[in-house]
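Below are two complexes that have chain A in common, paired first with chain B and then with chain C.
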Partner chain A sequence: MTLRERLQAWRYNLVPDHLIGEILTKRWTDNAIPFLALVVTVATFGTLIPGFFKPLSLQESTRQLGEFSLVVIGLTVVMLGGGIDLAVGSIFALSAFAAVSCFFIFELPVWVAFAASLAVGAAFGAINGYLIGYLRLRAFLTTLVTFIIGRAIYDILVVAFASRVQMSSATSPIWDFIGDGTALGISVPVWAAFGLAIVTHIALTRSRPGWHVLAVGGSRRSAYNAGIKVRRTVFLTYVFSGLTAATAGFLIATRLSGAGPGTGQGLEIAALTAAVVGGNSLGGGRGSVAKGLMGAIIVLVMTNGLIRLGYGTGTNQMVLGLLLAVAVTIDIRWLKNRHKVLNEVYVAPVYLAMGPTQSAEPGSGTPYALNNRLSVADAIGLGALEGPEDVILDADDHLYCGTRHGEIVRFFAPDYTRSEVFAHVGGFPLGLAFDASGNLISCVGAMGLYSISPDRQVTKLSAETARSLTSIVDDARLRDPNDLDIAPDGKIYFTDSTKRYDAHDWTLDSIENRATGRLLVFDPKDGSTKTLLDGYRYTNGVCMAHDNKSLFFAESWACRIHRYWLEGPKAGTAECVIRDMPGYPDNINRASDGTYWMAWLGMRTPSFDLSLRHPAMRKRMARRLPQDEWLFPNINTGGVVKFDEQGRIIQTMGDLGGASHAMVTSMREHKGQLFIGGIFNNRIGRFAIEGADPDWTGMRAYWGAKP
Partner chain B sequence: MIFDPILDIFRGKAVTIPPLDGAFRPNTALDDAPVFAQMPAPDNLVFWQGRVVASSGANLMDPGGDVVQRFGADVTALAVSPTGDLAVGLADGSLSVGGAAVALPADVRCITALAYGPDGRLWLANGSASLPPGQWAADLMMKNASGSVWVQDGGWQKVAGGLAWPYGLLPDAAGVIVSEAWRHRLLRLGQGKPQPMLESLPGYPARLASAAGGGAWLALFAPRNRLIEFVLQETHYRLAMMAEVPPAFWIAPALASGRSFLEPLQCGGIRMLGVHKAWSPTRSYGLVVRLGADMTPLFSLHSRANGTRHGVTSVLEHQGQLHIAAKGGDCVLSAGHTAEAR
Partner chain C sequence: MAILRSFGWKSLNQERIVLAIAIGLFVMAALALPGFLTTGNLVAILRSVSVLGILALGMAVVVIGRGIDLSMVAVMAMSVAWYLQMLGNGVADGTAFALVLAAVIGVGLVNGFLVAYAEVPAIFVTLASGSFVFGFVRSQLISQDAVPVPRGHWVETLGRLRLASVPPEVFLFAGLAFLAFLFLRFSRWGRFVYYAGDNPQAARNIGIPVRPMLMLRYVISALAALVAGLLTAASLQTINTRMVNSTLLYDIVLVAVIGGIGLSGGKGGVRNVLYGAALIGILLNAMTIIDIPLLYQNLIKSTILLAAIIFDGVINPRDEQTAQQGDI
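And now, the complex of A and B:
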């Protein structure tokens, strides 16, 4: 091994590249960028500004943050519903003025002042909501108009009444407490924002009105078709936004005990920036309260920080503008390209040096030498079948197989020309086995382990096992259950081939070659599923040894057969019995003469074996070429191999032309005949085996003579 | 998009090839064409002594399958002079005209094409300075561009060098049009700089033959394949492949494919429910293109991924009949009257 190859092996086998793809599949990665921005902002200004984290400084900042967050929460809800509210700044100012005038000029109680604020907010929100929701005007222009009008009214009122406010001598302890006091060391605005955030979050994620808002924002037309009252929902989001802005306005009124010309100036831009920087989509439907809060903190820390560093309003506005531009760009690009990024980085190949193998070429003289025996097999179900991965025969000689349509098809003995759909399971039924009471147990790709009773009742036995501690994507779920066999005590031993790819993408696992295959056991007594072995390169066929003391299982991409001991001194451990085969093993089944049949789903090729030692090349291949162009192992040529208890190869058969059995994934011996299935084939093959016991059946070998 | 240059570092550019479209729209004309002669690996077709003959290995064969003449090494190029002499290039690098050996410059050891111009001068394409014609795949995988074109004008004169496997010659009054296989293009050589006539071919061009009524026939002996183009960019893998893998099983263009399970397979080439998809990515293909007088493609004849008439290296139009040597399909086809071929 050259140094370069050794470095590649370390690089690709020790660095867990696959985690990037797995993390990207998580929804919470949408929060990652705003969260990172938040940490960076706080850390930067925290170090630049001395005393940034001092309690007193924080107290004042958080008071402001509470008010600001209230506005942002309201705007977030409007944006989630697919709208935009530019009027929050003027609503904020007007409701602050309403509170101030009620309290100072008319000397009314605090609660009346608060009610007046809310009334102003609700009224303006309702106007917006009515125009946008019911009259279906453009949100941007409509709220721009209400913003300008509201601002104008406010400016007129402030000029007219500001002096009377200042002259007033009204006081109230409640007013002062709201504006200046703390409860448990935390100011009222923070409590208010905190409370509203929780309520809004729960409402959005767990209540009918919240879901309606998200549905309307996600797709207005679909929401309408689903029977949601779209117009009312939109209307309510603006009312909500008006109310939160009004609450914030009331809070600033108590804090400043007055209202000046600057109140609420530029608030709409700051709030909008906060909502978008937090990661709420401008298009609606995507976002959360938490994102809004993150954005609020980022924006406030940044603007306050800049002011304290001595920068003027112009700089501040410019920074906000730039922030908004970047956030909108990232939002749109990320939304558009996330699945592309995921596609490009998901395949994370590892290094594997395959051992040298014996030749399987015809005439090579090795036990693996392929011939054309399978090409003469009679075809069953030709043209009617699609994808019989496994085949099995019952006590009455009827033939069963799964299809890619999720059905179990039964062919009737003796000539197998008539067939019926025995049961519809869904998924992709792969491995099959009969249990002692005649139930057909199947590993259903993408679903789990299922049982089909003789009267066609489909029952789920297992779809999950224990989750492993280090998994990112939940690996408890069975992703690609592949083959099974049943021990005399009824325990079902089965394989789940890969944790990385879904059942229909099983071939992609060969490109990555990561060892994530499992051997599991299902105990029908207590319904439990346990993982026995983990970390094999595509665990596949399972077969109980004739003496039932051990079982054989195939590790496809490593071209190995292992024996797992159920009893004896080596119980619970696995040992490799056949290694470095020239073909990729699939299902394993018993033969009548005390040996075993193994299917080869494909053949190793020198170019693919070499690519396994060049993981970087495979990674680039997965990124730069469309999937149809990827280099694959040769799964256009398969075979049937017979081996004995010690792992010696006895016989190999193939179909080199590939016309009838290009790929073989299973075979089943029954009364002197061999039935052959293939996951990509359109038929089941049948041919007589020389020298086989003409009375031997799998049913009798497993469960004895029929009573 | 402004981020693309930055993102490209992380994602790499997609490998793309020209689509089979327009004049290259696929059909099954080659698979439908009747067999004119059956022989192993027919390579170069010429009309000589009143009949069509083809080189097959070290033999010159007639349409009946009889050996007309046997040579000491594989025949790699043929041409018939205006006076009826047969010029034969062999794999050992020797050239004979009318049975008499012709001395060649020391640099010429890989004769891939011969052609007589209208003025009677003999043109010669030397595919590579370092490798014999049989190792063309290695020449591509080594990314060589050491081929040259020569003309016999008294002595031998080098017309152009630094060509990436010149494989076909079409001399005319102004000079010669040469097919440059590894660069997928046709060049006009003559006075001054080589001038590209047709670029971005969807396959590797082989020999050219003149067509009645102006223009030419171009045989493309293998298709371009995105995996192969990708491997050509992968230095470490490519060199390791050349060192460790037998040439027949390389990820490289081929004259025929699917004959051994040790050959590379691409995802799209998987037999699905007994069907080998015609449009699947493949290492071998059959393709003949009719070019107009200005070398623009007019129409084409195909044998697609699931066909067998692959690896066309030479075409001959004679008296309105089109003969096609499918080297990978072990047969010479007769596509009938050229007007019908369309």
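And now, the complex of A and C:
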């Protein structure tokens, strides 16, 4: 190993580059920037203003904060649904007036005043919601105009009734308590905001209506296609915002015991700034109540702080304008570029020196020498199939395979010309195996381990294993369950190829080459899933040895086959039985003569082997080139390899022209014939194997004669 | 609407309806209101819509290009207030004007840059920049809400000027309207504004410099605001920065939208601004003669604006194919 390579190996295998990408995938990183801004703001004004943290001073400002937060929570929900509500300032003022007039002019009880406030808010919100939700007007302009209308009505009302409010002598202890009192040292508005924040948070994250709001905001068209009542959802967000603004208006009415011309002035821009500064996305779908609250605190501390520091008229507008522009720009840029940044940094290649291998060239005389045997296989389902990763046959000789469309297709014996969709799974079925009672067990890409009963009932067996404490990315989830086999005691041994990529991104995992593949076991008795082995480079095929005392599994990107011992002195450990193959191994299955079949999904090339020793080059490639110009493992030539219990290679077959079976991901022996599947292929191949036992079937080898 | 369309009522578009209403209103006011049809009152109508019309021309150019400029009133009031303040502080006229001009163009460029290159929705950019311009000038550059025009200054002279008893802003409005008409209708870049407004992506694909042009449009609207501000200062002999909080901004949008310039861009022209301005001018004048209080006038205007927006939304429904996520 040269010094350069040793340095590269240290640099790329010891420095955890991949963590940056994993952190960026976390949703909570969105909260980091507003939280930092919050800390900085509070710290700055806390030190600049003497007595900022004194209880009395805090109490007065938190009262205002409570009201403001209520408005911001409502606006946040509207924004999450993809809209915007500028009319909150008017609703706030009008509902404050409704409360004041009910209480002081008509001398009605406090609860009636509160109900009147809410009614005004709901009605106003419903108008906005109707215009924007049902008539599909532009939210910004429409609420801007309803805001002016509301303001005009309010101004007219205030001029007409202000004197009567002032002359009234109505009092109520409840009114005074809401406006002035505290419970447990905390004022009513703060309690209200706190309660609403929790309720709204739970509603948004844990309830159907909340999910609908987020779905509509995230993608209106998709939400519509998914059957969500988009218009009603949008309508309801505005009603909700109207109600929260009305509650805030009621609270300020009790606090000030009156409504003046300045009530709610400039509230809309402050609330909008708060929502955006907190990190709620314009256009919807991304955001949370917590973000709204953070934004509310930042904005209020800043504007109140500036007033208390004695800056003159206009400073607030200046700061709010600047804050809004900066926050919106950051939000838009971040949203636009986040996935680009993620794409650039997520692939974090490691160093690997592959060992020298024997030649696989035809006629080279090595056991790996490819012939052209697979090219003459008969085609089953030619053109009608897409992506039969694995194939399997049942006791009645019917042939099953998964397809890219998330289905399991059954071809009927004996000629396999007729087929039907046996079951719809939803994800891409990869590895297949029958259990003792004839259930078809499948590793479904990006979903987990599923069981399909003979009467086509699809059941999830497992989608997760134990979460490791040190992993940043969620490694409990099965991201790429790939192949499985079943022990006589019913335990299902299966592989999860990578923790870093979903099933369809397996090529990215080959570029990165990080060892995150696992071998797991699912126990049907208690439904538990355990991780047996971790840290392999793309674990793939699994096959129980003929004596069931051990199992073989493939490590694709390292071109190795390992044996994992279930019994005996080495139980629970793995040993490498075949190393440095010239091809990338995929599924492994039993052969009738006591040996094993192994599929090669592709062949090693000197160029890709070399690139594995140059992680810096692969990193540059992943960053700077479009994906279709990347150097990938060669999957244009695959093959079928037979090996024995000791790992000796007996036979190798290929399709040199690549027309029928270029990439082979599985093969299954059945009654003297070999069935061949390929994840990118459009057919299943079949040919007769010379010298094979014409009666041998996998079902009988595993589960004995059919009862 | 589907019913209207199926009866072939499409020819009765918004522009014609507005014109018809304006004429109808004019006739009614002429018959019913004493003193409406006098030369003095007609001049007053023209004068009252001139400043609004100039602002609306600037807004129209932006809106046709699928944008909106909510910072116009702030730019209009604050640029002139700063200019007059500098004059009051003894800064040389040339220097002061150059500074103000540079600042106004700067605001337009920043607006345009954020919209075009940072791809922030125009509505937020200009809302924020309007708030910032007002706040910055008010808190840092001028000392009180209203700034008077210094005695003997050319702005004061402009305010006294009369040509055949018609104040100069009417001529200026007419001139600028003609210029805008020539620009939009006959110049290559004027046509590009429509293409960019109709489908920005397609316009960009065929090689139109969409983003630099977008910046130019915001500069145009900022300059229109400066002109309108100078004229306002000339006629009132002072500039009151509180107008930023008034409903003037919505009047501008009202004139542009009600005349039939679709907010989704690519539609309308100077003629629509003229029709909108005529309707609003006659309406405001009639309401003033009837002696409706200002508060109620605001209510009526904003209700009309809402009706116009609803109408616009129904006539020009949002195109879900070219509308973008976050286009609110």
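In this text, the second predicted complex is superposed on the first by the 407 of 707 C-alpha atoms of A that agree within 3 Å, B and C clash if a C-alpha of one lies under 4 Å from a C-alpha of the other, contacts with A are read in each partner's own complex, and residues count from 1 in each chain.
Methods note: a contact is a pair of C-beta atoms (placed from the backbone, for glycine too) under 8 Å apart; a residue touches a chain by one contact, two chains touch by 3 or more.
Remember, predicted model here, so these are calculated numbers, not experimental data.
*Asks:* Of the partners chain B and chain C, which touch A:83 in the superposed model: first, second, both, neither?
*Replies:* second
*Asks:* Pick one for A:375: touches chain B only (first), chain C only (second), both, or neither.
*Replies:* Neither partner.
*Asks:* In the superposed arrangement, which partner chain does A:320 touch: chain B (first), chain C (second), both, or neither?
*Replies:* second
*Asks:* Return first, second, both or neither, reflecting whether A:145 touches chain B, chain C, both chains, or no partner chain.
*Replies:* Touch partner of A:145: chain C, not chain B.
*Asks:* Pick one for A:333: touches chain B only (first), chain C only (second), both, or neither.
*Replies:* Touch status of A:333: both partners.
*Asks:* Determine, under the contact definition given at the top, whether A:159 touches first (chain B), second (chain C), both, or neither.
*Replies:* It touches chain C, and chain B stays clear.
*Asks:* Regarding the shared-chain residue A:13, is it in contact with chain B (first), chain C (second), both, or neither?
*Replies:* Neither chain B nor chain C is touched by A:13.
*Asks:* Tell me which partner A:31 touches in the superposition: chain B (first), chain C (second), both or neither.
*Replies:* neither
*Asks:* Based on the superposed arrangement, let me know which partner A:136 touches: chain B (first), chain C (second), both, or neither?
*Replies:* second
*Asks:* I'd like to check the shared interface: which positions of chain A are touched by both chain B and chain C across the two complexes?
*Replies:* Touching chain B and chain C on chain A: residues 333.
*Asks:* Could you list, by residue number, the parts of chain A that touch chain C in their complex?
*Replies:* 82-84, 131, 135-142, 144-146, 148-149, 151-153, 155-156, 159, 219-221, 269, 272, 276, 281-284, 311-322, 324-325, 328-329, 332-333, 336
*Asks:* Residue numbers of chain B touching chain A in their complex, please.
*Replies:* So the residues of chain B in touch with chain A come to 1, 3, 11-15, 225-227, 230, 234, 236-237, 240-241, 244-246, 249-251, 258, 260-274, 280-281.
*Asks:* Using the touch definition from the top, list the residues of chain A that touch chain B in their complex.
*Replies:* Checking each residue of chain A against chain B gives 4, 333, 341, 344, 360-361, 370, 386-387, 507, 603, 605-608, 610-611, 613-614, 617, 620-621, 623-637, 656, 658-660, 662-663, 680-683.
*Asks:* What residues of chain C sit close enough to touch chain A in their complex?
*Replies:* Residues of chain C touching chain A: 68, 114, 118-121, 123-125, 127-140, 145, 247, 250, 253, 263, 295-296, 298-299, 302-303, 305-306, 309-310, 313-314, 317-318, 320, 325-328.
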